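Handing you a structure now.
Chains here go by letter, A, B, C, D, E and F, matching the order in which they are written, and residues are numbered from 1 within each.
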């Protein structure tokens, strides 16, 4: 692969691993800006809002530039496709959800003109209304910013 | 989380990490059966066939039991939703793809009656016809078997 | 229900039942025009063509009126959504398929101005490349004509 | 077809036919466990909950085993794809809906190792906010359990 | 193109252009019945209701004939696919939306038996919760009526 | 609307109008870079390739910068959602298609930091295998570049 920094892989690991498990990747993580957050609601709107808020609070995207919000928004949507696996339409259901997300911003390519890209990853569980009755789910979205 | 073995997380790591990076998870991986493979075609049919063949060859599913092929097939489809992010319909396009996949079979739950489950993960790149013009993508599907 | 003739139910039965089993519904079937056919290919294009050809050959739609072809086409697409269950995008796969279809044209409603409607039903099996490794599937599409 | 018991066909008939019309299939129905119910809401969540509740109350799935709830849940989702025909996303709309559903659990295949499978069928009407302005719709989902 | 009246093009222009810009097309617009309206809500249900209400109030479809409501409903849904671009499932989100719609009814084809058709177009902006952070969107649905 | 240049509207008009009809918008078109092309194939891959080739040949995107190809690719996909209206999965069918497309690149917003955006519009007909049996279709995709 011709990428110098795999922002998608780093996003996946940041969303999936415990701090201890993430330790071996700390050097790689210094090449990017990133943050981590949680979304406990099954409501698609609230999940999107949680990621956007985290991104702005942690300075991963500019507060008032639509261009950056737009890039992030489509990365979130792509990531949610993996989480929901074709069932975005039945999203807001009476189900438990426990998702961790990460946002990674960096320059994956050697060529300077490729510029900055953003990756959004989700990892967690999704399941029946009764807690504990659930299985794992994950998603990754990548976009130019 | 109430799961004793996170087969989804293990599948993600097996598909994403290099052998060295996977090393710290080797103990956890001993709790499950798993295999790894590659799919270099953009053709959805060929990707599915590659995973099914690897699963049978490595003894992850029974050769002649439809029940197990069915469980795997739907896990693959769910995983591909994450890879294609809502674009399964434009799948067989003139694009490069370099995907690694993993299949993990195990017993994620404490309760014996929850039985065996299967996870399929993809990680790699997807992009323009010219190699190098691509970004990362990933998917995870989980099913009872 | 306010419908005098349930063309959807008749289409489902005509696609699903054996001639003997269909016998009790023969009186109801006299209220409509209908035909039955088979589609053995997994190729979405060929399935659509098979239904359109059967409809024209059996005089269920007019040969050269786009309006009627258009009504039938969207009824077929809706019915295929049920058959493929969100996987239209992975349609042309290396899987066995054995589908029976029926087309029913009639006047379901009491009010004369509701005019003619058309129903397309599929019933059969869909499965792994090896014959016998498959499960049942069905679809129903209804449109004004 | 190599299936000894067509649980999908039985589910379709149980959801579609009146008790009198179902009579000729009573012998076949003795080979399976099944129940019937109604869903009058257009709200996807409420439809899913109605089917899950009926399944548990009638002993078609185990109360506390996630594995069985998971199998049923995906069978319901597949069946709803047929009902909504690609419009799951516009599900909770101001429309009337009158659906009957059935759940069938049995052993469709000769081979013992294929085990138990579950089928969920919907049949009814879907339409404009004004009652009577509606047409028929149907869906079938089949899963291993 | 063999169409004498391009109802889709007229619908697009009526939804997109200012009265002044629409002026050169006034002669063409005399060949059809049409109306224009606005939808400021992001709620898919409310958008559909706004279009249906406008269509009935302006005499573009018959008040009590389901056939015509059905034709319009599917034209709206097709048009919304263009507006939402595969994201119908995340429709009711905390986003701003400013849409103009038009409904055009006419006889696009020379042949008398092709009868009347209906076109629904949307044009406007869709975007982040903060007004002004948005981009353009459009959709067109065409159906026989 | 807070946009100084509506690149989406210009793309729609460039794809839809004849040279004469486009005349009144020539001043607005001078604010952007744009080009027009044709796609006569029903094959989604060939449509995408036709737009990408036109964009590169006319200098609308840089030849070797993936970032720009990526921005254009997602704008094309969004536009195709409008053209196919949820049927991307049945894309490569035996149907006639006659599409005109336009690509517009410009700076829609007053604020300098919003930078350049790209719009892709399609307008034409889609229909049965027999030419003339078809109706209009359209799509619009907008992305930051």
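Going forward, a contact is a pair of C-beta atoms (placed from the backbone, for glycine too) under 8 Å apart; a residue touches a chain by one contact, two chains touch by 3 or more.
Just so you know, these numbers come straight off a predicted model, no measurement behind them.
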Self-check item: Co-neighbours of subunit F and subunit D - touch as defined
Solution: A, B, C, E
Exercise. Quick one: how many steps at least from subunit A to subunit F, stepping chain to touching chain?
Key: 1
Exercise. Please identify which chain has its centre, taken as the mean of its CA atoms, farthest from the centre of subunit D.
Key: F
Quiz item: Copies subunit B, subunit C: same or different interface, half of numbers shared as the threshold?
Solution: different
Practice problem: Report the chain pair from A-F, D-E or B-C that duplicates the C-E interface, where duplication means over half of the contact pairs agree by residue number. | Solution: A-F
Quiz item: Can you give the rotation angle that fits subunit D onto its twin subunit E by Cα atoms, in degrees and rounded to the nearest 5?
Solution: 120
Self-check item: Chain pair with the higher count of C-beta pairs in contact (B-F, E-F)
Solution: E-F
Exercise. With centres defined as the mean of C-alpha atoms, identify the chain lying farthest from subunit C.
Key: A
Quiz item: For subunit C and subunit F, what's the span in angstrom between their mean Cα positions?
Solution: 35
Quiz prompt | subunit A and subunit B, separation of their C-alpha mean positions in angstrom | solution = 20
Self-check item: Between subunit B and subunit D, centroid-to-centroid distance (C-alpha), Å
Solution: 30
Self-check item: Shared interface positions of subunit D, touching two or more other chains
Solution: 66, 70, 77, 84, 86-90, 132, 135
Exercise. Using the touch definition up top, name the residues of subunit B that touch subunit C in the complex.
Key: 44-45, 48-49, 66, 69-70, 73, 77, 80, 84, 87-91
Quiz item: Which residues, counting only subunit A, touch subunit D once they are in their complex?
Solution: 87-90, 92-94, 127-128, 132-135
Self-check item: In the complex, subunit F residues that touch subunit A
Solution: 62, 65-67, 70-71, 74, 109, 111, 113-115, 143-144
Exercise. Could you pull out which subunit B residues touch subunit A in their complex?
Key: 1-3, 6-9, 12-13, 16, 21, 24-25, 77-78, 81-86, 88, 98, 108, 117, 119, 121, 123, 125, 131-132, 135-142
